[in-house]
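Got some structures for you, see below.
Next come two complexes built around chain A: one with chain B, the other with chain C.
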Partner chain A sequence: MRSRSNLFLIAILALISTPLVIMYVFQLIDSVSRPALGGFLPQTWELGNWRFLWETIDSARPSIWRVTFNTFVFAASTALLVCAFSITAAYALSRLNFPARRFFLAGLIMLHAFPTITLIIAIFIVLQFLGLYDSLIGVILVKAALELPFGIWIMKGFYDSVPWEIEMAGVQDGASRFRVWRELILPQVKPGLAALLIFSFLAGWSEFILPLVLAPGADAQVLATYMNAVIADDMRPDYGLFKAIGVFYALPVIAVYLLFQKQLMNIYGGGTKG
Partner chain B sequence: MRIHLQNFKKTFGDTTVIEDMNLTVEDGEMIALLGPSGCGKSTTLFAISGIHKINGGTLHFGDKDVTNLPAQERSVGVVFQNYALYPHMSVAQNIGFPLKVQKLKTAEINARVGEIAELVQIGNLLDRKPMQLSGGQQQRVALARALIRKPDVLLLDEPLANLDAKLRLEMRSEIRRLQRETGITAILVTHDQIEAMSMCDRIALMKDGRIEQISTPTQMYESPASHYVASFLGNPPISFLQAKADASLDLGHGNALPLPIGKAVQGELTLGIRPEHFGPQHDGPKISGQISFIEPQGREDLIDVMLPCGQKLRAIAPSGHGLKLEQDISWGTQMDRLHIFGADGTRL
Partner chain C sequence: MNKQKLLGAAFISPALIAVIVFFLVPVILTVVFSFTNMSTSTGILGGEYQLTQSDLDDLSGAGVSDEAITLLQGAGYAMTDESLTAFETEFGKTRADELAQKFPDATFDSRRDMERALKELRTDPLRSTRERKAAAELFRQSILGQRYETKDDFANAVSALNISAADTQPLTEVAYTGWTFTTQNFELLWQLPATWRYAINTVIYVSLTLVFNVTLGLFLALSTFFLPDRIAQTFRTIWFLPRILPPVLYVMMWQWMTWDQGFISSLLAPLGVDRIDWMRHSAVHGWTVLVLINGFVGASLGMILFSSSLRAIPQTQFYAAQVDGAGRWQQIRYVILPQMRWPILFITSYQTLSLLTSFEYILLSTDGGPGRQTEVWALAAYHTALSNYGGNLEYGLGAAYALALVIIGIILSAIYLRFFNFRELVAKPRIEQ
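The block that comes next holds the complex of A and B.
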């Protein structure tokens, strides 16, 4: 009975995911083969599409490794910033009684649901004013700021599920509030922190619009804008090359998901409590 | 260390939970704060521990005024209802945490952890995580952690509420033993009258943020200050009867008890009769009625008697009495144990 219904579920899931799987498989196959003209089955096998790995594909563009490094720095800094601010801000919102706490909470929920793309012009002007336009630092700050409401909200959920008594016990044992937070409370929300770290890293890794608009220059290019440039600039788009870069771009994401799926699931486990 | 709470007041926002409360716990004494849910027991406890700021009044430990000291600087050990052990630390780290905060040397911490672990009999569990312990063992760890600093005061918030019946019995005597051995002044919060009576030197019975009566368990049981106190203590509970006093205490429909000697009573009254003071084995003035329920308890049976006036009286009869349901009886009442309460609930 149990395994029958499980099989049924698996069958439905398989059916729904088949188109996705086919897309990934073809992406991979196409990147190392050339189809017949007008057809789609691979005809000849070749690694030419992957030439971007060892040569600069266009004299005007930075090398792929430089761009990958940029993407990594962008995603990692965003993730670290989001986590650093989330663990402190969320604790304050969850536990401390300070003026305008309700206002901050309400603001958080609103920002969480806000279509951030509508802010892009304002952000553009602010960055230009600060002299951070067209720099990686500028995009990192903006991306981190936009991810923060989500991060704080998730971490607040984790803090809320830590019993008050642990905190009281720590205080009674003579520890300061800060020490209680660092030594007794923070370890309890570690699973949430790990999930948030990975999650915001992936969000940074796949961000496209912000770098495109706020850092269009060659120096601050990330993989998403690099791909966009490859396909947009040429008179005759090289789809094989585009697909190969796509595979290259997606590989770390897939690896992260495979390695850390358990940690990522935590976000749905502990983060549900308002 | 003597605890002296004077004119204590506590409010949460606009609601006043406790007003003008006075409580003194003598050095080395263990006292119970007993009362129904929501009467302010935990609030009082956390005010003494320093977790809650108090809104009025003063608190002294011995001669020292600790009213405005933060929790960290009061020498108080607390055992929480859910034990509040630190889940990511081993038992030894849990117990040693208060000493680590005091920056003692690791060797000394280890020695003292070992010592206290022996006292609460968990010496073999020091490497485990709290998750790997039974409820009773977690309780012992929580006690050890509260006691390791040798605090002036030990506070226990419903420490036995999460244990099963057998373990509760065991930990009851265990906590009392520890309290006696360490000679620490302790306050136990509970809503279980048996716990309060069996573990503590004195009981403070609370109602709606006030202390209704404070005295030794026996005194409280034998001479309750009010209707409320009498109803709270005793298992099976005391029975109350409405009566009218003139020439006798008239229960209606032919049942009457003589007026108590030396007490001037008049008008509408409530009588309190404990089950163990009414039954076939007692002499004294008779009350007649019909048996409406028999609950065998082994050594003795609980018997409900329906009086002709429609009120119910509970009796305890030694088993082997041969009584039957709906049998008419007329049993003696121990007049010297009869409680009489006035209209306002105070005992006359």
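The block that comes next holds the complex of A and C.
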């Protein structure tokens, strides 16, 4: 009885998962093959789909390596900034008693729910005022700031789970609060910090709207805007090329996912952004 | 105690500065900008003062007297140093010198007089009428087309033409090229039929996607909960991927599925179905694909959150239910669903807010098409202020669109703060080593 209803469940699940599975499978197949005209089954092997790696696909486009480097710098810098700001701010909110702490906590919860994308028009103009428009630094700062409430929220959760006794013991032995934080508490939240780092890196790696709006020039292009531009420019879509670029773009994401699956599942479960 | 306060302030200030610059200031600026006519043509910093030929038509509407308009149009012709220099570069030094010698500091009331003077050139005459016309134009005294950096410069230039002070004020307003404060954005929003179209589209989009998301997310979480671990894990991975794959890539896969030479068309072609663009063929096609694209990602989030809440239900409750002879349906109905009330409420409200305001997947897929039939409010704000084919980006109007969303965002997040105890809703993110 149980196994029969399980089989039924699996059948339904398999059915509704079919579109996704087809997309994943053909994503890989089409990146190295060419289908017959008007069909979808692979006909010939085609490594030319990967030509973007060794030549610029058309004259106006920057080299893929330059773009990949930009994407890495963007994702890594935002991740580091988010982590650096979050570990201090979250500790203060979790453990330190300072004026208006309740106010900040309420503000954090509101910011955590607030849809930041609605501010993009104003941020666009703020960056122009600051002279950071169309530069990688500008987008990095914006992305880091927008991810910050989420980062603080997650880190606060980790700090909350560290037993007070550890801190008490440190303070009793005469260490300053700063030293207690650095030498006793930080090692306790390391796994959380690692998870936040990975999560923010992935968020930066995939980000599309912010670079599109705030840094549209060729110098600051990232893989998301690069791929979008290649797709948008083609009069007749060359899905072999698009899919090869897609596989190239997604490889680090898949690698990170396979390596840190457990941490990510937890943080995606706890976090709600995106 | 004081030291601790200092530490607290030092620890929180970097985050606080970031929040002020990129949250608080933009919220305030969205309000401010929505009351301006800021656009690409006005620039975002201050403007200059310049009257152009085409402005003249608008002047009487702006309350400038006809007298002043005539003065602006024909302020006569004069042998000034600037006009002679301009004449020299176009027509040569000999002619310019002769002209300066024959008519020192002369002024002419009409173009005919000016052209007559130009006919007087003897050493190197201007023979064709066309040349003389062009040359006469160089001597015309007019403030049209001139740029003045400050208001005073402009006012001086205007009063030099003997235009009365009463006319100067409206003239200055027309001449200013920078942005000004206005309420016309909101009047426009109120009047445009498109506004209502976008609002209705948004409601359709949010409600359809929401129902799809929550139902599918709940189904995925429940079904994988009852299945053996390995199979459950496979399905969870399949459904987790849309969430971590970059949006550009994820939507490209859907484009490949739906374009007229794509997977669906190729699959159905042997059955005699016409090849169509399954994403943009009609509004119904557009909405269906949009709901699926967003729904799969949303269901992914729902699945993760619901799964973690399911695992938090003590196993003993299921044992007890089984002992009492409850089947799977009854377990779901009487044990699971009552305990899932809060997570479902949370996902629903969270996704309402996020669907209302996010436009990334729509921008990448239908981009509001076909026509403007799948254009939602947030996308309209983006199109108005940040990307349109006309090229004149209307920041002010776009900010007015965005302001509606900002206000809804603030209200809803304040309600969440008031009613939801976030800490209880979301399982504490804790990662065991």
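Things to note:
By our rule, the second predicted complex is superposed on the first by the 242 of 274 C-alpha atoms of A that agree within 3 Å, B and C clash if a C-alpha of one lies under 4 Å from a C-alpha of the other, contacts with A are read in each partner's own complex, and residues count from 1 in each chain.
Convention: contacts are C-beta pairs under 8 Å (C-beta built on N, C-alpha and C of every residue); 3 or more make two chains touch, one makes a residue touch a chain.
The shown structure was predicted, so the numbers you read here are calculated from the model rather than taken from an experiment.
Annotation: superposed three-chain arrangement on chain A; chain B versus chain C shows no clash, the two fitting side by side. Contacts of A:A195 after superposition: chain C is touched, whereas chain B is not reached. More residues of chain A are in touch with C than with the other of chain B and chain C.
Once the two complexes are overlaid on the shared chain, A:A175 sits against chain B while remaining clear of chain C.
Once chain A of one complex is fitted onto chain A of the other, the partner contacts of A:L184 are limited to chain B, with no touch recorded for chain C. Using C-alpha centres, the superposed arrangement gives chain A a vertex angle toward chain B and chain C of 120 degrees, stated as a multiple of 10.
In the superposition on chain A, A:Q27 makes contact with chain C only, not with chain B.
Of the two partner chains placed by the overlay, neither chain B nor chain C lies in contact with A:G131.
Of the two partner chains placed by the overlay, only chain B lies in contact with A:P163; chain C stays clear of it. Superposition on the common chain places the nearest Cα atoms of chain B and chain C 8 Å from each other.
Overlap of the chain B and chain C interfaces on chain A comprises residues 176. Listed in rising order, the residues of chain C touching chain A in the complex are 3-5, 7-12, 14-16, 18-19, 21-23, 25-27, 29-30, 33, 38, 44-45, 216, 220, 223-224, 226-228, 231, 235, 238-249, 252-257, 259, 261-263, 266-267, 269, 275, 292, 296, 301, 304-305, 307-308, 328, 350, 353-354, 356-360, 363-364, 378, 381-382, 385-387, 395, 398-399, 402, 405-406, 409-410, 412-414, 416-417, 422, 426-433. Put simply, chain A touches chain B in their complex at residues 163, 165-166, 168-176, 179, 184, 187-188. Within the complex formed with chain C, the chain A residues making contact are 5-6, 9-10, 12-13, 16-17, 19-24, 26-27, 30, 38-40, 84-86, 88-89, 91-93, 96-99, 101, 104, 106-107, 109-126, 128-129, 141-142, 144-146, 148-149, 152, 154, 157-158, 160-161, 176-178, 191-192, 195, 202, 205-206, 208-209, 213, 223-224, 227-228, 231, 237, 239, 242-243, 246, 249-250, 253, 257, 262-272, 274.
Contacts from chain B toward chain A in the complex involve residues 46, 49-51, 71-72, 76-78, 80-82, 84-88, 97-98, 101-102, 145, 149.
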